[in-house]
Structures are given as structure tokens and as C-alpha cells.
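Below are two complexes that have chain A in common, paired first with chain B and then with chain C.
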Partner chain A sequence: MGAHISIPMYQRAVSQKYRMLAQKCLHCGKVNFPPKAVCKYCLTGSKFEHIQLSGRGKIYSHTIIAGGGAPPEFAAEASCKGSYPVVLVELEEGPKVIAQLVNPLDREISVGMPVTAVFRKIYEEEGVIRYGFKFMPAPVS
Partner chain B sequence: MIKSVVSHGIYIPFLRITREEYINTLGSCNADIKEKAVMDIDEDVLTMAVEAARNASTEIDISQIGVLTLASATFPYAERVMTGTIIQALGLNKNILTSQHGNSTLAGTEAFLSALGLMEETEAKYALVIISDAPAAEASSDMDHGFGAAACAFVLAKAEPGLRFEGTYAYSDEVPGLRYRLPGDKGVRDIGVRSYSAMAHDDTMQASVQELFNKMHRTPGDYQHVVLHQTSQKTAGALAKKLGFSDGQIKIGLVYDQFGDTGSCSPFIGLCHVLENAGKGAKIMICSYSPGSGSHALSFDYDNQFPDSSKKLQYFLNHKKYISYIHYLKIKKVI
Partner chain C sequence: MEGVAIIGAGQTTYGDFPNKGIKELFAEAYFEMVQSVDYGFEPQMLHSAYIGSLSTGSGFQLGQMAPLLMGHVGLPHVNAVRIENACASGGFAIYNAACAIASGKFDLVLAAGVEKMRDVSSNKGRYWLGVSGDTEYERLAGSTFAGIYALMAARYMHEYGLKREHLSMVAIKNHRHAVANPKAQFRKAITMEQALNGVPVAHPFNVWDCSPTSDGAAAVLLCRAGMAKNFTSKPVYLRGFGAASDYLAIHDRDSITSLAATSKASAEAYKQAGIGPRDIDFAEVHDCFTIAEILAYGDLGFCEQGRAQYLLEEGITQLGGKLPVNASGGLKAKGHPIGATGCGMACEIFKQLRDEAKEDTRQIKNARLALSHNVGGSGGTAAVFIYERGGQ
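== the complex of A and B ==
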């Protein structure tokens, strides 16, 4: 989620940002997320079918962004929360994605911890709200 | 045509602030909450709406949804299509009938009733109604103490068993000066005349409930559960008594003291709790209210219980984190 993606460019990616719509390579069967022009696994396939990711996965790696370390678009969030965790998540369907972790529990964030995607505001600029996914610890059933 | 609610979903923010925290920091708390739900800095009524709708539609073929109605008195934009945000976040068909309802806490029942009507205009099986609200006032105003946040969503179906809609009665009158918000203002205000506001509250809801009884040839005793709009635990309870309902009839649906005033969501969040506890064959009434003033009473027959939802109200009652008043002010962007 880099800084200053233009709004038209952001709009073209709403399906992937809002509900994790991914593409499955018709050549090798691997799931590409975010979508690619050519499959990043077989480097051959360029035909895909859309698939809806479950949003479920496990923490592969994690870090804490301290107040001063946040990019400008996250400054308001950082000043409210003090610091916030960012996680690299290995999704059930295979791809790994980076996003913020919300509602961290009192127990430590750890590798392998199950998480699930939630719909949140990512940041706001010129009154335009950019929505997208973050993760939260999966509910214990 | 018979129309029924066939599933429901809830979303309550993770963050809560307690009455004690208000008393410890401000010296008093104007609202009879135990605690209330608070949206985090990266939440708004649309993010809550999406989560509630996802919880409502886990067992539903969403390609069969032909109607989407969305309600909130506190949308993040004063002008803009926001059903499109929901359509993208859920992956609904883009050619469905939509409507947005705002401007007052009647928005929830308006969205529900509109969906029943719009269903007549489509061949599709389902309608999705989402009500999400987070009333706000200036932090310096006592009105803010009780203002909470919540969302709920309902899938309506034609000719399927569930919570069958039986009928409604609506009542509106001109009562100025109560809970209003001017363009550009972030919060609501009120002229603050308690007796005037209490009279409007009671008279408006009494008018819709009594007339619904008359229209449907019912008495208070015919209902197992009643959920009145809740702007305070005490006033909702007192009005129910005045209308002839017992504590037992209102107990399960009265959830104000846990989440606060959830605006247009208020009668619906109570309804969700009722649906998770009521038995088959129960008659249920809900009644919305908005200062200004208006009220809708709706009558239902619970002829088939819903499939078990993994995220019941109980989940949200347990799943929470308490914040300090300072943290609360940061979220409200006061400091």
C-alpha cells in the first residue's frame, strides 16, 4: 500500500483491495494476488480465471511500526494508536500479502497465528476515503 | 406475497468505553450505559456495514441478491453513491436495485420497508438490508456520552420460512428542536428541554405501536418479544411498561447499556439478539423512533429459526477491548 497511488489507478484495483479478488493461472493453476499480466509462478500463463479469496491465512512474519516510522498517509492512525502492527500473511490459497493487523490481542503476535481479513479505511486524502483490507486475529471457535 | 428475513449478521466495533471511565475523567456520565461501542480510527459506518453484511450472507448465494438498501444517519459522505462501495466489497451484481436512507434514525426501518417494496420489482430471490450507524455529538456535549456504534444486516427472501413480515404502521409529526444536525456540523444538537423531548419520544412511539395493534387486532400480550428504539435504558423500559409490555417481553431486545445509542440500528440490534434466543412461532414487534419526529412499528412472526450464525451477539459481547477517555478523544480527532 505505497504512497500516492492516483485515484483512477486505485479505482481499477477496488475488487482486489475491497474483497481480495484474485486470479488463478489457467496454465499452472497457481493463484496470483495481487493480479499480474503474466503468471509470477510459471512465467508463461497469461490467461486467468477470477477467484474469490477467503481472507483467511496465517502470519508469516510481522513487525511493529512505531509512531515516527509511519508513512505520511498513516500519520493520523499512528498518532492515535501510538504504534501499529504490520503483518505478512500467507493466505490459505497460497499468496503472501502485507497489511496492517487490527485488534491485536493481549497475547503476543506470533508466526503461524491464524488471521482473517477485515474491511477498513486505509487512509484518507483530499476527503476521499481509500478502503481496503487489513487483518485481525481469527476468532477462536 | 410472503416475505421473510432468512438470515442476519451483526458487527460491533472491538473498542468499548465504560461509564466508569466517563465518571473518572469527567466527573459524570449523562447516559445510563454500562459501556458503549466505539469505532476505531480506521472504521466508519461503511466498513461496519460490510462486516455485518458479510456475516449475514455466509450461507446465501449472493448472486441471487437483487435488492440492496443501505441505512445510516452518519454516512461518511453527505453526497455520493455508497451502495457501490458495498457492492464491490461483497461482490454483488452491479445491476441490482439500490436505495440509500439517511438523515434521521428512522433510516433503518425505512431501508427495511423499502427493500420489501423493491423486491416486487425483481425476479431475484433475495434482498439485502444493511443498517449501520454511529451517532455523534461534539465531545463537549453531554449528548455524546451515550452515543455508540453498531451495524446489522438482514437477508430477505420471497416465499421462504424465517422471520415473516406481517405488517407495519407509520407515524410522523412536526416536533422541532430535537436532535438535529445542520449541514457541515459533525454532531447533533438539541434544545435540551427534557420534558418536551420525553413527551415526543413517548407519544410518537405510542402512536405507531397502538395503531399497529388496532390494525392487526392484537394486544401487547400477543407478542413474545418487543424491541423499542433505545436512546436510554431507562426510557425504553419505562415506555414499554406504559404500552402494556412486561419486563420479560422486552428483556432480550434491550441492549442499550452494552453498546450505547446505535441510532438507526437501535431496534435492529435488539432484534438480532431476540432472533438468537426466541423460539419458533414467537411473535415479535420492533419500533423505531427519530426525534423530529417519526416512528415505524413492524410486526413479525418467527415461523422458522435461522441457521446458527458463528458471530452471534454473544461473540461481540465477549470480544472487546476497553479504551481510556483520552484514547476516545484521539479517535474523535479532538486531540
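== the complex of A and C ==
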């Protein structure tokens, strides 16, 4: 039914979801994440070396998903928490990624706020816990 | 290239119709379209039909929906195909119909769209409403479709100083426009206080920033321009049609305060029509969320990028303004039966350009050129059309 993500489908993306494995284009040197068959920057390069992203970046934009409207995989989490923040993060290496924000600070979430990726449970379905990355506010140095 | 004209258009009222399935909705729109052809037309002359739908009747008819619908209205042998580009399915049905006529292959083509959204449980609805983005990355971040547009809104606010109230100005305007439209789902004006204080959906959006789920269908009859006067003295000519795509996922795009697919599609349509945005008298644009109408103003060239809020503040895009936008009520208040929406926009423009929006407060007077704009999902696809009045 609908757009169910099967266990094998999730498994195929484990290197992205667990380790944030990205592709560095051998033609233009820019970093693609998630992976593409052809580099999205030069639209030419199709050979890549794998690099692991640092997970460090800044909030590019943000929202708070209200409980009633959460996707079905997150309905239980939303009904328990009421709502949860989702952020679009621009990573140090260039790519943007969408993920949840955990441990938000007391102050309002804002564009430019430094964040860092953390490994977390994303949701549970068919008795299998699906893990992946979320972001948390970067520790103040 | 052959010119293209619209000679008939019909649509159901949009809303909640528990007694009507996709066949009944489609038939209602189709027969209203047939009635609208002034000198009549022989349905068996139809060469081809393109029918837009995302969920194909809440997912019950995933294959070959188009012949099912055509067989229901007595046209089992017409070449019929389903078109799917999410919320732009109807627009792409018209685009394909127009290209088929322009190519010289066909003379008379049906473009239609249908969606049955009100049957499904809210849990199942959440599943398939979230399937038109990059499911694996966007939805599995816990984001919804509203959440993706909310990210665009928050960034627009950051870059251009857009205020929460500007979002509500879109909702208030479109709800006010829908009051006089008999085809609209919500014919009720709302106040700024209401619009600011709805149930939260995805910050900064509340429920008043979001289009509803709707049942509905729409049908448009297109023909080779040279034949149009055989059917009516008041054809509406399709002077330009453009379509484009973009990265499906917003994390892959350079900018999220503009939809590149809209810019590219509108450039193609303006070029074909030989006009620019300043020549447009009124428009129906894709306001699935309030921010979407604001993005459209910049992407369609109605204002400079980042200055959409001033069009709202100055009332330019309300009925009576210099460039009325969504006189029908838009997706926001007229309703948004996904696959039908793009064709429903053409129905509204067909009526307006023939001076047939009978309700006095609605009819846009002395308009010659109009534009419609239909977006798939969060901008993965877009189609733009430019229409010209053919009669006096």
C-alpha cells in the first residue's frame, strides 16, 4: 500500500543512512549526497571517490511538524511528543540534507545555527528498527 | 506547428462526494464539457484523450484507468492514456494534448483530470500524499509535503523579510474570491485573525495555509486552431505552453525560494506566445500552500524575485486589482483534487475569457490574455499555459 519503504530498500541505503557516505566527483571535485549516477554539479562526471561526510553543517531552513500531520511512520512519535522539528542542513562539504533535529535548545531554531549529525533510531516498522542520522545543535566550543 | 484552441470545458464542483467515484466524477465533468461546445461536437470524432490522476481513485485502479473512464462515457475505442505528474497531472494532460495537436497528428483531443481523495482513511492518505517528493529521503526525515513547503517558506522569510501575515494574505484573498464561485469547495471568507490562528500543521503553516483534500474532475476539449470556429464563435486560443522538471528533492536544489521548473516552463510559454508577464491580464496559479503562490509571483515574472509580498500589500493580485490571481479561489479555497487541478484552472480561464463567469462579482472584465500555472509536488514538475480570448 502506498509508498511503503521495504526492509531491503532501506538496507540498500545503509551506507548513506548509517555512515553518511558521499561521492566526490572526479571531474569537478564537488561532493554529491545522496549518490547520483551523474554528478549534479557538473552534469558530466560519472566517476566518484567515496568520502565520509563530517556531519557538521548549518541550518539552511527549518520547520516543526505538528503531530496531526506527521507521515505514518512517525505518527506514534508525533502523538507522543506532540510535534518535532525537521531541518534542512547545509553541510560543510556542500550538500544539503533533510533530517530531524534532536535536543533543540531553549532558544528558537534559526537559519545559520551550527548543528552536527548524530546516529539515532528513525522509526520502527515490521518489527525492525530503522536507524539513520538526525542533527543536534553543535556543542559550543 | 499547428495552433491550438480550447472549444469546450467542464468541471465538477470540488469537495466531498461520498456517492461519486472516479467514473461518476469524470462523467460529470465530461458531459458539462460536451454541453459547453456551442455548436455541438460528435464525440466519436475525438482522436485521443489524456487523463491526469495521481491516486487513480484512492489507489484502486492503478493500471489503465484512462480506458476505464472513456468506456464509461461511451468512447471505448478512443486512444486514451493516463498522465501522472502528481499535482501537475492535469496540466501535463493539457500539455500533451496541445503538443499532439501542434504536431499535426490529431485535430480533436480531450485533456482531463480526476481525483478521488475523500475516500481514504487519514492514515492511508498520509501515505500517498507523501509519495510525490523524494520519499526515501524527505519523508524518512519525518517531513510531510506541507513540511517541504514550510522549509521554503521559512527560508523565504529569512532571505526576503516575508512576514507570517503575508502568508495569511494569500489565504484571505483566495477564500474571499471563492465565495462567488459555485464550483468552489470553501465559499467562506476568513479574517486575518482566523488565518493566523489555525491548527498548526508545519511551522510556519497552520491549516489555513494548506489546500484541502478534494474530490473532483475537469475536462477540456482542444482542437486545431483552424477548426475552432466550426465549434464556437468564442474559442480560447492556447498561445503558449511550457513544461519543465527539476530535482525532485529540495535538498538537491540550489535555491528553495524559487521553483526552477516554473521559471523554465513560463519562459517557454511566454516565448511561444510572443508576450511577457506584463501582458497577462489575470492568472490561476498553483497555491497548494500559501507560500506557493508567493513563489509563483517571482517565478512567473509578476514581480522581481523576493518582492512578492508587495504585490499582496498593494492588492494588485486581488479581484479588482491590476493582475487578479486565483479569481476562482485557487487550490486553497476552490479545492485541490490533485489530478484535476490543472484542467480545472483551464475551465476557469475558459469561462472568464468568454465572459461566462456569470456571478457579477467574479467576472474579470476586458481581459484578453490569461495564464495558468500547475506544479507537481514541491516543484519536481511544472506546466504553464497562456490563453487568448478568441471571441469579441
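Criterion: the second predicted complex is superposed on the first by the 138 of 141 C-alpha atoms of A that agree within 3 Å, B and C clash if a C-alpha of one lies under 4 Å from a C-alpha of the other, contacts with A are read in each partner's own complex, and residues count from 1 in each chain.
Here, contacts are C-beta pairs under 8 Å (C-beta built on N, C-alpha and C of every residue); 3 or more make two chains touch, one makes a residue touch a chain.
Keep in mind the model is a prediction, meaning the values are calculated, not measured.
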| request: Please tell me, clash or fit, for chain B and chain C sharing chain A in the overlay. | output: fit
| said: Contact-wise, after the overlay, does A:9 reach chain B, chain C, both or neither (first, second, both, neither)? | reply: second
| task | Applying the touch criterion given at the start, work out whether A:102 contacts chain B, chain C, both or neither, answering first, second, both or neither. | result | first
| Who wins on chain A residues touched, chain B or chain C? | C
| What angle, rounded to a multiple of 10°, is defined by the Cα centres of chain B, chain A and chain C, with the middle one as vertex? | 150
| In the superposed arrangement, does A:122 touch chain B (first), chain C (second), both or neither? | both
| Is A:65 in contact with chain B, with chain C, with both, or with neither (first, second, both, neither)? | second
| Where does A:75 make contact in the superposed view: on chain B (first), on chain C (second), on both, or on neither? | second
| request: Have a look at where A:37 lands relative to chain B and chain C in the superposition and call it first, second, both or neither. | output: neither
| Once you lay one complex on the other using chain A, what is the shortest C-alpha distance from chain B to chain C, in Å? | 12
| Intersection of chain A interface sets (partners chain B, chain C) | 77, 100, 122
| Which residues of chain A touch chain C in the complex? | 1-5, 9, 13, 34, 40, 60-66, 68-75, 77, 83-84, 86, 88, 95-100, 111, 122-123, 130, 132
| task | Under the touch definition given earlier, write down the residues of chain B that touch chain A in their complex. | result | 14, 40-44, 46-47, 50-51, 54, 76, 85, 88-91, 310-311, 315, 319, 321, 327, 330-331, 333
| Okay, in this complex, where on chain C does chain A touch? | 59, 123-124, 126-128, 130-131, 135-144, 146-147, 150-152, 154-155, 158, 199-204, 247, 249-252, 256
| query | Which residues of chain A touch chain B in the complex? | reply | 14-15, 18-19, 21, 52, 76-77, 79-81, 100, 102-103, 118-122, 129, 131, 134, 136, 139, 141
